[in-house]
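In what follows, chain A forms one complex with chain B and a second complex with chain C.
Presenting the complex of A and B:
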């Protein structure tokens, strides 16, 4: 296989402590190697450019049924937003819910190599994998949702951790899933009864179990299995003013647990899109709403076993989609636009609503501020990852814009002074005005590659340029010595990688996509002791309640997962 | 005012998609440059010169550019799409999407036009001295933002689904209109001087519709309020006011509930 040597670039690799030094980066046989180990490399001259490991996205909605429904019911999202194919590239389209091809091309242009699809309804795992299969270039995994699953609710009501773990192991295997996602624990199921869970101690009707028991039990089961990724939670009362207390209650559940795994992961709970969970006050009005990001992030700073991602609102027109069915119903009544909704049998639910974060409103601006605060208050950037919860808080293509805001106080002030109508009110009700921190390139590398790779349990493959890791390297046209005057250069550079090498193959060359790569689907095969009770429960539920048989449920074979990468975990002890 | 004259030389086998025929694109270009502009037939890219003789040249800006099309362009789509200023005159029939997403300027069609004209239009004037097709001043498929401003005036009849999701501006139809007028309407005015068929103002939240002739079948969601004398489009008239659609949500302004208004002329 081709050897590459990237010379003269400013290299940022927090895992090796390289902070902008001009060191040579070498790739051989698809892996990172020491510069001395390549013999006849293709030389890439990165003079005046920034070199990092390829990006790792911990949380995005880029494949599966709700993404596809989003595409179907928003034809206007593709209007004036399509590009004809050229060279190897086929036609691409869509802004907030791009086609699978545009998703791949976007990630490649942003220098990303791995993306985690953050919510896979198990019953629709086949569809999710079909879309993942059709997304070239980037490696992907998918997190099945467990927070409202009947098996989980029933086992955790009795605190049966071993049975929950056995069920999780079975489901990961059936759906080719990567880890444990939990959305509005108990709340989505409660909504089947027209209710919701608004505190961690609200009881789910019929199942008689609380969000606290669900979160706690899923963490315990996750650690029992020793999965690479920790429990990945989207808490209760997303987007509700005053919800920061519920967020803190949820986070504190993690105090009882410590990580048990062979993957170098140090956290037990990942709170996704934290921005939506840091609200104070009683309404969205500027006289009541206030940011509580400081309170929440200060708590996270005080412990060491929690990570999160930001979910920054990018002030665009986008398409919200989540397994949090009750939230989407609520949202559709706020903006009176289209609403799609599904109840996924015994497992979960979901909803989809288009949404415009209008910079002329107070609340959209305040949400923008809260998201950035979540990124700026963190003491350890290895535990805070940059996302937009794409496409919920903003489209995927806006990541570079978020970097700009995080890295430049000038860019933030410009927004507050010139773009947001209620900039002064937002300064008053949020913390944004009192923060002058600017995220450095070194910290950016932590928050977009080293950190998420570690929390996903993939630190042995991604997130660094250390010898032995996957040969995934991004080169950006950004000169940290001369380009610091203009924040727009940050946004441009991180959206237009000059080079991306993925698994040792050159995907982006001088800004052009030249290779569709060798895309892999990551899933976790967890071995557990035989569990006749869980096996019987599964057979029973399929016979009595599911509309499909087990044979039509399993994701198997080359058709669904043509190029799998299986991570094995052994919990037989 | 600079004038560009386009004379059709052949009828496209399929349809010519010519979004470049706007004063905005023609401005600052001579006849040769205009003839070189691209258009599409199916999946093939062609030039305007393949289908038109081009005479004259564009003005400095869109505002001082007039385009005159002398001939039948009933197989040419997107004339005046997204135009912001200037003028287009079509001496013949035109196909779909005339003046779609238009923001300013004036289009006059001395003939009939097909569907989706003035789609999502935000400003300007579209005058049709013939008949118009379906979805006049409506929203693009899936969008909730129909016509938002400007004026559309049709001398003859119009098709169905006129003003779907309309949010502003005015549509005046001189003749009769087909079913589904102002569906999901949230603002703006539609004046129908002839007859209307069924489902006028279905799911209407806000806005005003005037019908001078008969309505075949009235929507059950509309309630009669009172009789009023009004001046509409320069004419005095005696109208019956109906409000609706009662099946929809209705916002409040200063404590008063706002309904869509449907006036029927006596």
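Presenting the complex of A and C:
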């Protein structure tokens, strides 16, 4: 396999403590190696450019049934957003919900190598994997949702952690899933009757279990199994003014747990799109709504076993989609746009609503501010990751714009002064006006590669340029010595990687996509002790309540996961 | 002792029953019996064993007779037909696997085709309505477990989806519907007194073509506003009572078929049916589900969704995907003489398109890929028989509620016969060669 030597670039690798030094970076046989270990490398001259490990996305919605509903029910999202194929590239389209091909090309252009699909309904796992299979270049995994699953609700009502873990292990194997996602615990099951769980102590109808028990039990089961990734939660009452207390209640559940795994992961709970969970006040009106990001992030700063991602609002027209069915119904009543919903038997639900984050409104601007604050208050950037909850708070292609806002106080002030209609009000009701912190390139590397790789339990493969890791390197046309005057250069550079090498193959060369790579699907095969009770429960539920047979539920590896990367976990004791 | 294959998926209708059992002969070559399937499904399996089945491609001769050709010749004709055409129509895609649909999409992209599926003449109006107003829906299991109010609007599952009521909607005893059909109120809205209507608790026998008015009246009734004495021929008392029954349920579902998608109003009927469902969600839980026909018409919309962003009526002629039903839809293209070659796979426009469109197909260079001899194969220049998906080769299909299920291979196809996917792969390879893109 080709050897590469990237010379003269400014290298940022927090894992190795390299902070902008001009260090040679070498790749051999698809892996990172020491510069002295390559013999006849292809030389890449990165003079005046920034070099980092390829990006790792901890949370995005880019494949699966709800994403495809978003594509199919929004033809307008393709209007003026399509491109013909050229060279190796096929035709692409879509802005907030791009086609799978555009998704892959976007990630490549942004220098990313791995993306986690953040919510996979187990019954639709086959669909998710079909889309992942058709998404070239980037490695992907998918998190099945567990927070409203009948098995989980029944076991956790009785605090049966071992049975929950056995069921999780079975489902990960059946769906080729990566870890445990929990969306609006209990609330989506309640939505089966048109209701919701709004706090951690609301009781799920019929199942008589609370979100607190579900979150707590899922963390316990996750650590019982020792999965690579921690429990990944989207809490109750997302997007509701005053919800920060519910968020704190959810986060505090993690106090009882410590990480148990062989993957170097140090957290037990990942709170996704924290921005949507940090609201104070009683309504969206400017006289009531206020940011509580400081309070929430200060709590997270005070502990060491929680990570989160930001979910920054990018002030675009986008398509919201989540397994939080009741939230989307609520949202559709706020904007009166079209509403799609699918409740999934025994497992979960979902909703999809287009949304316009209008910079001329107070609330959209305030949400924008809260998202950035979540990134700027963090003390340990290894535990705060930059996302837009794509496409919920903003399209995937806006990541570089978010970097710009985080890295430049000037860019933020420009927004508050010139773009947002209620900039002054937002300064008053949020913390954004009092923050002058600017995220450095070193911190950016933590928040977009080293950190997410670690919390996903993939720090041994991604997120650093250390010898032995995957040969995934991005080179950006950004000179940290001379380009600091203009924040626009940040946005341009991180959306237009000069080079991306993925698994030792040159994917982007001088800004052009030249290879479709050899993408892999990551999933976790957890071994547990034989559990006849759980096996019987599964057989019984399939016989009586599912509409597919148990034998037709399995995602067959041969067909849907043509290039699997299986992480094995042994939880037999 | 017959060998029994279990968990077999029925490749006939959008109900996609996956609990079939197929008895095979000792040598595993012959299908003896199909258990659990409806008559239509069982016949599909048994028909694959027909002794007079065409097993090799046939080319139509000048005199109208058919001459057997090799698969290689068929690939050559098909690839050239697509490459030579300025604007080929690639239609069908509803009775084949998602893998084949994906390969077909790649061909369509390279040759700049217009691609369309059977939704164009059935639930296309539903897809347009969903683009207008969304769709609050649920999987069929959710309905089996929860629904206590079931409405069949403009559809007749007793005949078209024979196991729908027993598996999902009326008779199953679900988690919260332990008394089966006794747990449910069944409504049928249909101008005809169908076999489904005869089973209903309430049959609203509306005047034909007045679905929009009746749906609108239900919205009025849900809001407690005044109605005229009769709407669509139904007395207002019955409309108020219907609205109240739907609202008072714990979970209401509306299933609808081509009685509303293709009667007067088309997508507007579905718009307002979805609006009724949205309204009901303000009081209780409600979902709406289209009764999709072909077993994988849903899948073709899904595959095109993730590859191109649109579920049907794709126009790839400009190098990027465009979508404009009424313009880029098959019949409009054919009637306007806009396409100069026709490729059909996995459906039978010859039997279902207006005769004017079928005449156009007969005049154009055309190929029909289908296990059966059909009206389409009869008017095409080339007929390529292929293995039955779901009987002789597996592959993914999407049920009417978008749940994907992998169909199973039960028996071997006749010797030397290609599958859809294999044939398309050969065409794709040849098209790339002809285009110099190999």
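In this text, the second predicted complex is superposed on the first by the 572 of 573 C-alpha atoms of A that agree within 3 Å, B and C clash if a C-alpha of one lies under 4 Å from a C-alpha of the other, contacts with A are read in each partner's own complex, and residues count from 1 in each chain.
The rule we apply is simple: contacts are C-beta pairs under 8 Å (C-beta built on N, C-alpha and C of every residue); 3 or more make two chains touch, one makes a residue touch a chain.
Model, not experiment: these values are computed from the prediction.
Asker: Is A:336 contacted by the first partner chain B, the second partner chain C, both or neither?
Answerer: Only chain B is touched by A:336; chain C is not.
Asker: Which of the two, chain B or chain C, is in touch with more residues of chain A?
Answerer: Counted on chain A, the partner with more touching residues turns out to be C.
Asker: Could you say whether A:100 touches chain B, chain C, both of them, or neither, answering first, second, both or neither?
Answerer: second
Asker: In the superposed arrangement, which partner chain does A:127 touch: chain B (first), chain C (second), both, or neither?
Answerer: second
Asker: Report for A:527: first if it touches chain B alone, second if chain C alone, otherwise both or neither.
Answerer: Neither partner.
Asker: Using the superposition on chain A described above, determine whether A:65 touches chain B (first), chain C (second), both, or neither.
Answerer: Touch status of A:65: second partner only.
Asker: Now for A:556: first (chain B), second (chain C), both, or neither, which partner does it touch?
Answerer: The second partner, chain C, only.
Asker: Output the chain A positions appearing in both contact lists, the one against chain B and the one against chain C.
Answerer: 73-75, 77, 337-338
Asker: Which bits of chain A are touching chain C when the two form their complex?
Answerer: Per the touch definition, chain A meets chain C at residues 63, 65, 67-68, 71-75, 77-78, 82-85, 90-94, 97-101, 123-124, 126-127, 130-131, 134, 150, 191-194, 206, 329, 332, 337-346, 352-353, 544-549, 551-552, 556, 559-560.
Asker: In the complex of these two chains, what residues of chain A are touching chain B?
Answerer: The touching residues are 73-77, 79, 336-338, 354.
Asker: Would you tell me which residues of chain C are touching chain A in their complex?
Answerer: Residues of chain C touching chain A: 6-7, 9, 18-19, 98-99, 102, 106, 109, 127, 130-142, 144-146, 167-168, 174-176, 250-251, 278, 281, 283-285, 287, 301-303, 305-311, 316, 318-323, 394, 396, 398, 401-406.
Asker: In their shared complex, at which residues does chain B touch chain A?
Answerer: Listed in rising order, the residues are 140-144, 249.
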